[in-house]
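Right after this note come the structures.
Note that chain A is present in both complexes that follow, paired respectively with chain B and with chain C.
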Partner chain A sequence: MNYPLKTRQIALFFIAFLPVVKMFTMPKSAAEACNEDMWISILLCLIIDYATILALIKINKTHQKPFYDILKDRFGTITAKTIFFVYFLFFMIKAFTPIFELRNFVQNSFYSTSLRTFPFVPFFILSVYFCTKKYSVLGRLSDLLWIMTVLGVSLILFLSIANADFGAIMPIFNNGLNIFKGSYFITPWFTDASYLLFMIGFFKHEEKTTLKLSLAFLAHGIIILLFSIVFYCSFTFVAKREFFPLSEIAKYSGVINAIGRFDYIAILIILISNTVSVALPLYFATKTLSMIIPIKNNVIIPIIINVSHLIIATFFERYQQFIIAIIHLNLSPVMLCLGNIAPFLLLFIKPKKADFTNNKALLKRSA
Partner chain B sequence: MENEKISKKLNDVVAYLEENISSDDVKIHLFTVKNKAFALLYVDSLSDKTAISDNVLRPLKKINDFSKESISATIHAPEMKTLYTYAEAFTECFDGNTVLFIDGESLSLSLGYKKFEMRSVAEPPTSITLRGPREGFVECLSTNLSLLRRRVKSKNLKIEFISIGKYSETRVAICYVDGVAKEGLKEQIVEKLKTLQIDNVADSSYIAKHLTKDKSSIFKEIGTTEKPDIFTAKLMEGRVGLIVDGSPFVLTAPYVILEDFQAADDYYSLSYRATAVRILRLFAVLIAILLPGLFVSAELFHLQLLPLSFLLTIVNSIKGIPLSPSFEMFFTLAIFEILNEASIRMPKYVGMAVSVVGGLVLGETAVNAGIISAPTLMIIAISGICLYTVPEMVQTFSVLRLLFLLTAGSFGGYGIILLAVGVIIYLVSAESFGTPILAPFAPLIIKDHKDAIYKGFFGENVFRPKTFGSKNKTRMRIFSKFKDKKEM
Partner chain C sequence: MKFIKAKIFIVITFLIAGYFFSNDFGLIDIEKTAIVTACAIDKEDNEYKVTLQIALPSEGMGAEQNGKALLEGKGLTVADAIGKTGTVTGWYPSLSFCNLILVGESLLSDDLTACLDYFSRSIKIQDSAILACTENNASDILKKTSPLDNISGFSLQKIILKKTGMDGNVLKTDLKEFENNRFSRSLDSYMPFVCAVDAKHSDNSKPSDSGSSKESSNSGQTGGENEQKSFFNASKTKLFKKGVCIGELNESETSVAVLIKNNVYDTNLPVKNVLINGITANYSLRIIKSKFTLKINTSDDNVTVKISGKLFVKIADETSIDNNTSHEPLITLPDEVKIAAEKALTQDIIALTDKCKQLKFDLFDIDLNLYRFHSKKYNTKIKTLWDNVKFDINVSVYGQKEYKK
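Up next is the complex of A and B:
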């Protein structure tokens, strides 16, 4: 059977797209909650995500069919579509924070001297185009863009690491239960296992799948932790006031003093994979909605999804802090349930005898 | 009507020919030998009349037995084919062959006495090399096939002909190495070619455009080359080639973007040098496409990104320039493109003068007059030079450069990023006959990276690229290497 995704591509997907979306305000938010223990909050979220990923690898091995088919076989079409609708809402909500963050970051970092506000419409046009693409394209994008993430982050860390005072994260566990408060608040940035949930059945389980995906997730975790630690160690107790670590972290490097904002080259490189990364929840929202409402024209659903987000991003700009607060303070448990706990429940569903005709047709659609 | 069988009576044949071919360059020569009537049909400008006289007319006068076998044995022709319909006779005639009709026989003989003027084999102007073969394809199909056959003597090199064009009936040779080309690829190409109904195939680019899936794309889906050594190498990688009569540009499919970044010289020079040059080409292309846009976006939106000393230089140079940064860049680019176009079309001796006037006088004067700034002129010049490091993709890259410039002028740096991501998404989804055009980068095929940006040493490329899906994987064996391993 020809699978649209390869294990390697999913591994590179973890490295290419998962870290970059957490480099805007996530480290600052974690520092706000638990200061020098922010990295422990992040580590907790990473561990939860990793456990879910391991469960999903096991589910992929036992079922070898897409999430929709597992639900349909066990609970019927209506339940499957209902659950997919819940996940559609989940991805729509998950998309809010990165879109607001990206818009604010671009506006503040790149257009601070220009009079007009940066129009964010082109991003949504690109996102519509991206959402029409199949899983094989996502896999190939991972193959290509992981190098951008690694290169960009390495350059940023190289420029900033010399200014970091690593003693700043000591002593550990100094903030007690605030660590959990931090984890609770930053949960919506994580719940990345939900992406893998929608990829199961689209890649073949091989001998080294678990190892490859674990190593890739570890690499993603290291990138995030290292970036967050260097950020906190560069700004210590004022880290919570630095809204955009990505453009601030290397600002005081000696190289920049000599030749100008050299770090912007790294930021531009990171922004390439970041743009795809921010559009990912919209991409998966498209996938879920197109399973609920199968429309032949594959542009209509992406347009509906992206236009609705564009409207919110444009007309509800003044309420963005309020929306983000609701997502991170009130909806975190929901996000955790759907992103991390629900996939575990799939472990209890026994695989039905494989219906290869259905699976083949679905794979063909996504190849 | 033309599928009508050839009549036994020569009078009827001649009447049919006269009725259906009313062109002055087509000759019908009637002659009799010992009361047996014959007719020769040929195109005056395409046939070798001396050969017809020496090998047909003279020998026929000496024979007594007028059976088809005897006539065939008497005539000396490098190619001889028996034809049964008028349609076949017309095709052979317009292809340059001479058709012999015999009274009393319901058939005719096609005799290969083609002779026409053609350009001699020379080094192609589009791919000049310092090392390696200097031969280039020409407009004549048979010459091109001879250049190919001389390089690949194997019986596995298969060549199939197909005629395309309602009026031109242009012959297209489909070439592939049996057992090396991906299974079903040739059939796929033939199927696609058969769907083309066109009056005239003026050049191979018509065929290339037809074979392209996304007709509005600015990226190619079919490879081209003018050099037989490159063409042979591509066939050996598992591609299928198309040689179109009348065009020196031969086509290859599937196409990957990487192949345009690989020059013939890379394979004939040091691997270190080849790798370095490939990296240079890649950077040059990025500079060519992005530099004008980045400069405009920095000037318009992101002045804070520039180092202070550089910023002061720019501010001093743009002082008093009446045009906005984006319009200034666009204007300079337009002037450059006009000069480029003029220098290509103009006669060589005038072209030289245009280069001097355009490059030195116009540029210098425009800067001094304060119409454009020196950095803008310099950026366009650098971009223009960098563009030609990958000559096969000049058209694509110049369109991209313009798009990036327009985006930068409208949306600034992040607009450039968005367009870049859009182009990347387009490229990773594009395929040429089932092969992703961005292979071996996306999808990542690690084994093929021995001849991608990095150029492996001789002996490293033991296997054919996986990209093209050839079943015959090994293309090189160095036995001493295995021997050494065994001894260890």
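Up next is the complex of A and C:
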């Protein structure tokens, strides 16, 4: 049977797309909640995500079916579609913060004299195109872009690590319950296992699948932890007001002072991966809505989804902080339930006798 | 159908490309933009007065006019005052290249955060801009001309930002560092205090090297021989608590503070009145390498701060008259000089720590270190920190060992 995704591609997907989206306001938000213990908050979220990913690998091994088919076989089409609608809303909400962040970053870093949303429109056009693509394209993108992420982040960290005062993360566990508050607030940036939830059944479980995905997730965790720690150790008491750490942490390097802002090369490299990364929730929102409303023309749903986000980004700009506050303060438990707890429930669904002859057709339809 | 799709795709591609590339990408129009190189802030009549020194893009303009290109604006806030400079001149002030922010004496009695917050929060100015306070009005300093450079902002930067390691007499800080210290646990921060020193202007005083020579000669032609020029001195340091100035470090205290806080090298260390073999002489030691460490001990009732310093030096110069016929090289460091240097440094450090205790100013990040590495005792120790703190100073000066028979 031909699977649209390979284990290697999912592993590279973790490295290419999961860290970059967390390099904007996530570290600052964690620092705001629990100061020097911010990395523990991040670590907590990573551990929860990793546990969910392990559960999903197990589910993939036992069911060998896409998420939709598992639900349909056990609960029927209506329940499956209802659950998919809930996940559609989940991805639509998950898309808000990264889109706002990327737009603000592009506006403030590259278009500082013309703060308009329109220069950001091409992102949505690209996103529409990306959303029409199958899982195999996502796999190929992971194959290509992981190196961009690794190169960009390595250069940024190399330039900034010398100026970081690593004593700044001491003392450990001094912020008590605020550590959990931090994790609560930053949850919407994580819940990345939800992506894997929609990939189950589309990749074959092999002997080393668990090891490969675990190592890739570990690499992603190290990248984001190291970046966050270096960020906090570079800014310490003013970290809370640094909205764009990506463009800030490397600029104090002696090399940058002597040569100029060549760290922007690394930033641009990271932004290539980040464009796909930001579009990922919209991509998965498209996949879920396509299963609910099967339309032959595969462009209509991506247009609906992207245009709705474009309208919000353009016309509801002044509600940006309000929307982000609602998502991170009120909807975090919902995001945690759908992104991390709900996948665990699938462990309790026993697989029906595998109908592998039918699986090929299912995969083609779902992808 | 496929053909129509391809057509639509091509049209959309051209539309996007046309839209995207017809934009100026937010580039600034140089004719309408004032490139700010330095900024001075003062307070007058309860309003902020901002003076911006700008680099004029006009090619034909003389260096003297360029040096005097200052824009002034007054406003209720710093942002307002900067905006007013644009309103008056029609130039949009671009702060991206502003490397120097000067704060006038009129602002030192208030919390400086009120006026510096605009710069530290705005991404339009780099937070690595050097920060200094001045005697009297900061704008007066920018208005002065210097033999070092026609643009006073640039000559000030030369004084404050010397070659790495050679900045032994200026305790420099930048916007980010100042704000970081301001919001640290101790809320203590510092910045250099700049004074203008009148220079008797003559053509001979002009530096003849590097890129400044052309500008200086231009300055001489346009400014005239009798023009009052100034040098700048930044070897004193103002100390701030919660953003309000509470005291000052003098020149020797500043030098010692620099030595402890930064690892300096290639800097002179003068040693006075050393008696060797009945001859009294002054020595100048060249610091090759220096390393100071601070250790905090909280085992007893007091907080003991152990300041240990190691300086590797060689003799750069001495004033003893050599009566011998041979001209011996200055390789070894006599024990008398070593002891005198250690004693002098220790005394200077004691004077510095006494001032810190007197002002309750945490120059050595004792508060922060207590919090980070003695967090269990932090709450009890911090309340009486400045009553119970003890400094244990140990400075060792090393040089080439002298062989004595």
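Descriptive notes on the structure:
Definition applied: the second predicted complex is superposed on the first by the 356 of 367 C-alpha atoms of A that agree within 3 Å, B and C clash if a C-alpha of one lies under 4 Å from a C-alpha of the other, contacts with A are read in each partner's own complex, and residues count from 1 in each chain.
Here, a residue touches a chain if its C-beta (ideal position, glycine included) is under 8 Å from a C-beta of that chain, and two chains touch if they have at least 3 such contacts.
For clarity, every value in this text was computed on a predicted model and none was experimentally measured.
By the touch criterion stated above, A:41 is placed in contact with neither chain B nor chain C.
Of the two partner chains, neither chain B nor chain C is touched by A:340.
In the superposition on chain A, A:187 makes contact with neither chain B nor chain C.
Once the two complexes are laid over each other on the shared chain, residue contacts for A:52 go to neither chain B nor chain C.
With both structures placed on the common chain, the touch criterion links A:8 to chain B but leaves chain C unconnected.
For chain A, the partner that touches more of its residues is B, with chain B and chain C as the two candidates.
Using the contact criterion defined above for the overlaid structures, shared-chain residue A:264 touches chain B, although it does not reach chain C.
Once chain A of one complex is fitted onto chain A of the other, the partner contacts of A:122 extend to both chain B and chain C.
Within chain A, the residues touched by chain B in the first complex and by chain C in the second are 110-114, 119, 122.
Interface residues of chain A facing chain C in the complex, by the touch rule stated above, are 108-114, 119, 121-122, 125, 167-168, 170-171, 174, 235-238, 241, 243-244, 251-252, 254, 257. On chain A, the positions that touch chain B within their shared complex are 6, 8-9, 12, 106, 110-114, 118-119, 122-123, 126, 129-130, 133, 137, 139-141, 143-145, 259-261, 264, 268, 271-272, 275-276.
Listing the residues of chain B that touch chain A in their complex gives 300-308, 310, 411-415, 417-418, 420-422, 424-425, 428-429, 436, 438, 441-444. Across the complex, chain A is touched by residues 12, 16, 19-20, 23-28, 92, 120-121, 123-124, 126, 128, 164, 176, 179-181, 183-184, 369, 371-373, 375 of chain C.
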